[in-house]
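In what follows, chain A forms one complex with chain B and a second complex with chain C.
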Partner chain A sequence: MNLDKYRNLTRDTEFKYINVHPIQRGGVLTPEARKAILEFADGYSVCDFCFEGRVDLVENPPIKEFTGDIAEFLNMDEVRFTAGCRHAKWTVMATMLDKGDAIVVDSLAHYTSYLAAEANGLEVFEVPHSGYPEFRINPENYAKVFEEVKEETGSYPKMALLTHVDYRYGNLTDPVEVGKICEDYEVMFMLNTAYSSGLMEINGKKMRADFIVGSGHKSWAATAPIGFVATNYEYTDSLFSTSKIRGRWSGRGFTKKEVAFFGCSPVFGAPLVTLMASFPKVVERVKSWEKEVENARYFVNEMEKIEGLHQMGIKPTEHTLQNFEALPFHQVAKQHKRRGYFLYTELKRRGVIGVHPGLTKNFKINTFGLTRKQIDHVIWAFKDIAEKYNLEVED
Partner chain B sequence: MAKFRKFFELPYSPVGVKISRDSLEPDSRPARYCELVRKASLFGDEFVLTADRLTCAGAEVSLGFSEPMFDEVSPRLEFGTKAIIIKPLEKMKERPDAVIVIGTPKKLMRLSSVYNQIFGEPVLSQFKGSNAICGECTAVPILENRPNLSLLCDGCRTFADYKDDEIAVGMPYEVFLKIADGVQEDRIIRALCGCIMDDLPKNAVKAIADFGFDKATDHFFGFFNGQIIRMYAIKGEDGKVKELTFYLPVKFKNTEIAGGMYNKAREFFSEPYMIRLRDNWIDIVLPVDLFAPIQRVVQQKDKFESILNSAIDQITEKVKEFKERYANS
Partner chain C sequence: MNLDKYRNLTRDTEFKYINVHPIQRGGVLTPEARKAILEFADGYSVCDFCFEGRVDLVENPPIKEFTGDIAEFLNMDEVRFTAGCRHAKWTVMATMLDKGDAIVVDSLAHYTSYLAAEANGLEVFEVPHSGYPEFRINPENYAKVFEEVKEETGSYPKMALLTHVDYRYGNLTDPVEVGKICEDYEVMFMLNTAYSSGLMEINGKKMRADFIVGSGHKSWAATAPIGFVATNYEYTDSLFSTSKIRGRWSGRGFTKKEVAFFGCSPVFGAPLVTLMASFPKVVERVKSWEKEVENARYFVNEMEKIEGLHQMGIKPTEHTLQNFEALPFHQVAKQHKRRGYFLYTELKRRGVIGVHPGLTKNFKINTFGLTRKQIDHVIWAFKDIAEKYNLEVED
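Here is the complex of A and B:
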C-alpha cells in the first residue's frame, strides 16, 4: 500500500481560479469560517463542554442558541443538524411516514429524495415537469397528483416534497402555492431548500412548510457534511422523538438521544463550526439575492451571444444555477484531440474552472457570489474560446 | 482482480498456483494442498508447498510430486514437480499455471455463463469426487488448457474445511484474464443517473443518433438545414413516447423586442405549431404524433427518418419565412 498519495493533499481551486462549479458556489467558506475551521478542525472539537450528550444542546460554542437562530431565520420553530440534506429528508420520511405510505415529489427532485423514499419503503408519485426547454413544475399539478394517488391507493398521500430549486435547471417553483394545496388536502409538506436557503430568504411559515430541509455545504458557506431539518411545534415530538430502548440485560437507556439523528448528529466539528462562523454573513447575503439574480441574467444574456449557446430552464432565470446547451462547442469537441475535455482545458487556461470535465453538449454553471468583474472574466473566457474555434460571437 | 471478485460477488480471492520444477524453500506447515488453497483464498496467506510438507498421498501424485506406485491416477501432472507456489491471485507476482476459484454453485454458474459468452463453449465438468482441488481443479486446467468445474472431494470437505455449499473451478491463467477483462461492471455502466431520458428505449436512442441528432442529458439536438434543431420525446400518461416535439427557438435582441414579435408569431404560426415567449426568445414548437410507441416506429427506419426529415424541413422553412417577413420589424 503506497501511502504517499495521502500526504500533502492540496487544493488551490478557490485561490487560483474563478470557480463556477454548479454545486460549489454556495458552499465556499467565508473568511470567518476559514479562520474558525483551524480552531475547530479536530474530530470532536465542539464537545469540550458537552454536558447534555447532544451536539444541539452544547452551549459553548453557542450551538444551542444557534439552532434557535436558524429556526428564527427560516421562520420555523425548531431545528436539528443532520449529515447533509439527504439525511434530513431521510429523517423526516423515517419518522413521519410508515412503510408503504405514498409520497408525492416533483419529477426534478434530487436523486437523494427518491433514495430516501426508497430506503423508507415509500411509494413515490411524481408531479410531471413540462419538458424541454423549460422543465417547469406547475404547482397546481400537486393537487392533480394527490387525486391520482387517492384513485390508485384509496387515500391521499401523507406527504409531499417540493424541490424549491431543482439541481438540473435551477428552476424555482413557488412553494407558497404548493404549501396552500398541501394545507387544503391536509398533506404534510416538506420543502427541499438545498439550493435556496442560505442564498435567498426563506419564510417557512409563509410557505406553509411543515418541514424544511437544507444543505450547509451547498448553500450556507459551510464545510461538508452538514444539513438541517426545521419543523414546527406540531411535529417536533414526532420528528425529534427520543430513545426508549432499554438494554434487556444491562438496563441501559439513552432517553436524551434523538433516534432519527443517531442520538447526536454526526457534525461535531468543522461542519457545524463553519456553518456557525458563516452564519452572520449568510444572514446578510440573502438580502442581496436580487442582485445575484440580476448578475445571473446578465451572465446568461452575454453567454447567449455565443453561437448556439442557449440557457435551458425557465427564462429569464430566477436562480444563479444555469444549464446551457452548447451544440457548437460539442461540434468542436468532436474534432478536437482532447474531445470533450477541450472546453475544460481551455477554460482552465483562462483561469476558470467548474465546468464539468468532458462536458460540451450541455453544462451547468453557477455564478453565486461572483463579483461582476469575475463574471465578466468568465464571459470573456467563453467568448475567447468560441472565437478561437471560429464560432460566431455577437458584439 | 477486484472487478472479477466484485462482479461474481465472491467473498474469497481466486488463488493462483504455480508449479515449479525447480526446488524451492518450503514455506508452509505440513498440510493438504486443498487446505492451503482454501487458506490462501480465505485469509490471503501465501505458501510454498513441497513434497515433504504435503500430507495427502493422492495430491502428491496428482500434482506430479511423485509417480503412482500401484495403479494409474488420473488426472495427474507429469512427474517432476518440486514445489508449488500458492497465493491469492492479487498477491501473486509470478505468472500462475492455474487459477482456482471457490464459490457457491450460483456464483460459479454465473462465471460459467460469462465463460460461455466469451469463449462460445460450455465449461466442462470432469469430476469423480476425489483428487478435486489437486487433480480436477489444478491438473486438468494445466493439462487440457481449459476450465474444469468440480464438486470437490471428501478430503476437501473433511480435512480442509470446504463448506457443503461450495464448489470450485480451476482454469488456465489466460482464461481467467479474459473473463476478468470481459466482466465490465455492467450494473454501474448501465446505471441510470436520473437523466430525464433514462428510460427511452435503446433502439429509439440509436435511431435518433443515427439520423444525426446528438443526445444531451435531457433532449436531442443537431444541426439541420443550417439551424440547431432541438427534439424532445414527450412521455404520455401511459409512460410511452408516442409524440416528439421539434424546437427552433428564435432569439431577439431583448425582451421588449421579443415581446413585440410574440404577437406577430402567434398570428403567423397556426396549428399545429405552438409559440412560447421566454425572455428574449420565442420558441417555435412543432409537435409530431407518431401514432405508436417510438420503439415500434423506429423499427421502420425509412418511415421514421421520413417523419424526422419532414418535421425538420417544415419547421426550418416556416421559421425562415417568419424571419424574412418580419426582418425589418
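Here is the complex of A and C:
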C-alpha cells in the first residue's frame, strides 16, 4: 500500500482560480468559519460540555440557541441538524410516511429526493415541467397531480415536495402557490431549499411549509456535511420522535434519543461549527440577493453574445445558477483532439474552473458571491475561447 | 436575534488542558490532518473533479484508491464512507434485513446499534453480560441466544452484531470466537469497531466478519462526521445496491446512485480529507497498541491506589478506555456545595478535562495517545484531589 498519496493533500483550485462550480459557490467559507474550523477540527469537538447526550441540546458552543435562531431566521418553530439535506429529506419521509404511501414531487427534484422516497418505499408521482427550453414547474399542476393520485390510489397523497430552486436549471418556483394548494388539499408540504435558504430570504410560515430542508455546504458557507430540517409544532412529536426500544434482557432504553437522527445526529464536529461561525454573515447576505440576481442577469446577457450560446430555464434568470446550451462549442469539441475536455482546459488556462470537465453542449455555471470584476473575467474567458475557435461574438 | 455569540467561536479546552474525554482521544487530529482541513474547508471541497456523481469514485483527491486501501488495511474486500458509524450500521441493517427480522446484539452495544435496529423495525435479542463488576460478554452465549431466537421465532436470526470494544467499560470481546459461531449458524456477522479499528490492528477475514463498521472521528484521528462500512464480495451487490426508481412522468433514473448511502454518501467535505491525511499515521499507530494498553494498565494501577477507587470491566484492562467506580468521591460530592460538579472543577483547576461534569460515583477516562508524562499528571491530579478531601492514597 503506497501511502505517499495521502501525505500532502492540497486543493489549489480554490485559491488560484475563479471557481464557478454550480454546487460550490454557496459553500465557500467565510473567514470567520475558516478560523472556527481549526478551533473545532478534532473529532467530536463540540461534545466537551454535552450533558444531555444530544448535540442539538449542547449549550457550549451555543448549538441549542442556534437551532432556535435558525428556526427564527426561517420563520419556523423547530430545527434539527442533519448529515446534509439528503439525510433531512429522509428523516421527514421516514417519520411522517409509511411504506407504500404516495408522495408528489416536482419533476426537477434533486436525485436525493427520489432516493429518499425509494429508501422509504414510497410511490413517487411527478409534477411535470414545461419542457425545453424553460422547464418551468407550474404550481397549479400540483392540484392536478393530487387528483391523479386520488384517481389511481383512492386517496390524496399525504405529502408533496417542492424543490424551491432546482439544480438543473436554477429555476425558482413560487412556494406560496404550492403551499396554498397543499393547504387546500390537506397535504403535508416539504420545501427543499438546498439552493435558496442561506442565499435568499425564506419565510416558512408565509410559504405554508410544514417542513423546510436545506444544505449548509450548498448555501450557508459551511463545510460538508451539514444540513437541517425545520418544522412547526404540529409535527415536532412525529418528526423528532424518540426511541421506544427496550433491551429484552438488559432493560436498556434511550428515551431521549431521536430515532430518525440516529439518536444524536452525526453533526458533532467542525461542519456544524462552520455553519454557526458563518451565520452572522449569512443573515446579512440574504439581504443582497437581488444584487446577486442582477449580476447573474448581466452575466447571462454577456454570455449570450457568443454565437449559439443561450441560457436555458426561466428567463430572465431568477437565480445565480445557470444552465447554458452551447451547440457551437459542441461542434468544436467534435473536431478537437481533446474532444469535450477542450472547454475545461481552455477555461483553466484562463483562470476559470468549475465547468464540468468533458461537457460542452450543456454546462452549468454559478456566479454567486463573485464580484463584478470576477464575473467580467469569466465572460472574457468564454468570449476569448469562442473567438479562438472562430465563433461569432457580438460587441 | 443576538448574533454576537457566533462571532468568535473558540474551544480552548483542547489546547490548554489534558483532555481525557472517553470519546475524544482517538479523534484528535494529526498535524497532517490539521493542514489538510484548511485546504478542503469549503463546502463540497472534494467535488472539483467528480466525473461519476459518487464521492467514492473521485480520483482527485484519491478517494477511490482510499476506499481500496482502507479495505486492504482491514482485510476486507470493499469499503464505503458514511456519516459516522451510526449511519454505517443503519445501511447494513436497511439493506440486508427486512422489517420484523431478528438481530442479535451484545448487551453492551452502543445505543446507535439499538436505534439502527429500531429505525429498521427489527427485533433485537441481547447477548447477556456477566454483570457487575466485569460486565463480560461470553462469545459462547451468541450460540445460546441464536437457539433462543429459533425457539421464539421459528428460525435462526439473519444477523448478529458484536461491539468489539464497548463504550461503557472498554471491554474487548474476541471477534474470532463470535465469528466462528456465526459461521457455524450461517448468521451474518457485523463487527462494530468504533473503539478499535484505527487504534489496533483489525483482520476482518480472520475475524470472519461480513460487515465491519467504524468511526473516523472516534478512532482514526478525523473530524466528525466520518464513518465507514467494509464488506466482502458476497454482500457488495446487496449492501451497495443502486437505485431502481424511475420517474413516472419524466423517466428519470439514477442507476449509479447507492440507495442506503443517500445516492452519494454525504462525506464530500473536510472530514473525509482529514481521515485520508491522518491515514499514514494511523497505519503506524496501530502497531503501537500494546504500548497504549501498557500505559492504560499503569494508569489504572496508580488510580487504584486511591481509597475505594477501582476500575470496572475486564481486568487487567485491554483498552485505553476505563470506567472507574469511586464511591468515596461520591461521598465527598454529597457534602460538597458544588455536589457532583466538584470533581470536574477540581480536575480542571489542575489542568485536566474530559471527565463528565457532575459525575463522581462512576466516570470514564481514556488515555489513548497521552504521553507517560501526561498520564502522570492526570494521576497526580486525582491523587491530589483525593488527599485534599482526606481520602487515603497508597504510596
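Basically, the second predicted complex is superposed on the first by the 395 of 395 C-alpha atoms of A that agree within 3 Å, B and C clash if a C-alpha of one lies under 4 Å from a C-alpha of the other, contacts with A are read in each partner's own complex, and residues count from 1 in each chain.
Criterion: contacts are C-beta pairs under 8 Å (C-beta built on N, C-alpha and C of every residue); 3 or more make two chains touch, one makes a residue touch a chain.
Bear in mind that the values here come from a model prediction, so they are computed numbers and not experimental data.
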First, second, both or neither for A:Pro266, with chain B first and chain C second: second
Partner chain(s) touched by A:Lys337 [first = chain B, second = chain C, both, neither]: neither
Greater chain A contact set [chain C / chain B]: C
Touched partner set for A:Tyr111, first chain B, second chain C, both or neither: both
Which of chain B and chain C A:Lys373 touches, first, second, both or neither: neither
Common interface positions of chain A, toward chain B and toward chain C: 111, 114
Chain B-touching residues of chain A, taken from the complex the two chains share: 111, 114, 129, 131-135, 168, 301, 304, 308, 310, 312, 314-316, 325, 327, 330-331, 361-362
Partner chain A, residues of chain C touching it in the complex: 1, 3, 5-7, 9-11, 13-14, 19, 21, 23-24, 26-29, 32-34, 36-45, 47-49, 51, 61-62, 65-66, 69, 72-73, 83-84, 86-87, 90, 94, 107, 111-112, 114-119, 124-129, 217-218, 221-225, 227, 243-245, 247-250, 252, 254, 257, 259-260, 262-263, 266-271, 273-274, 276-277, 279-280, 283, 353-354, 357-358
Of chain B, residues touching chain A in the complex: 193-194, 196, 214-219, 221-223, 228, 230, 232, 234, 245, 247, 249, 251, 255, 278-281, 283
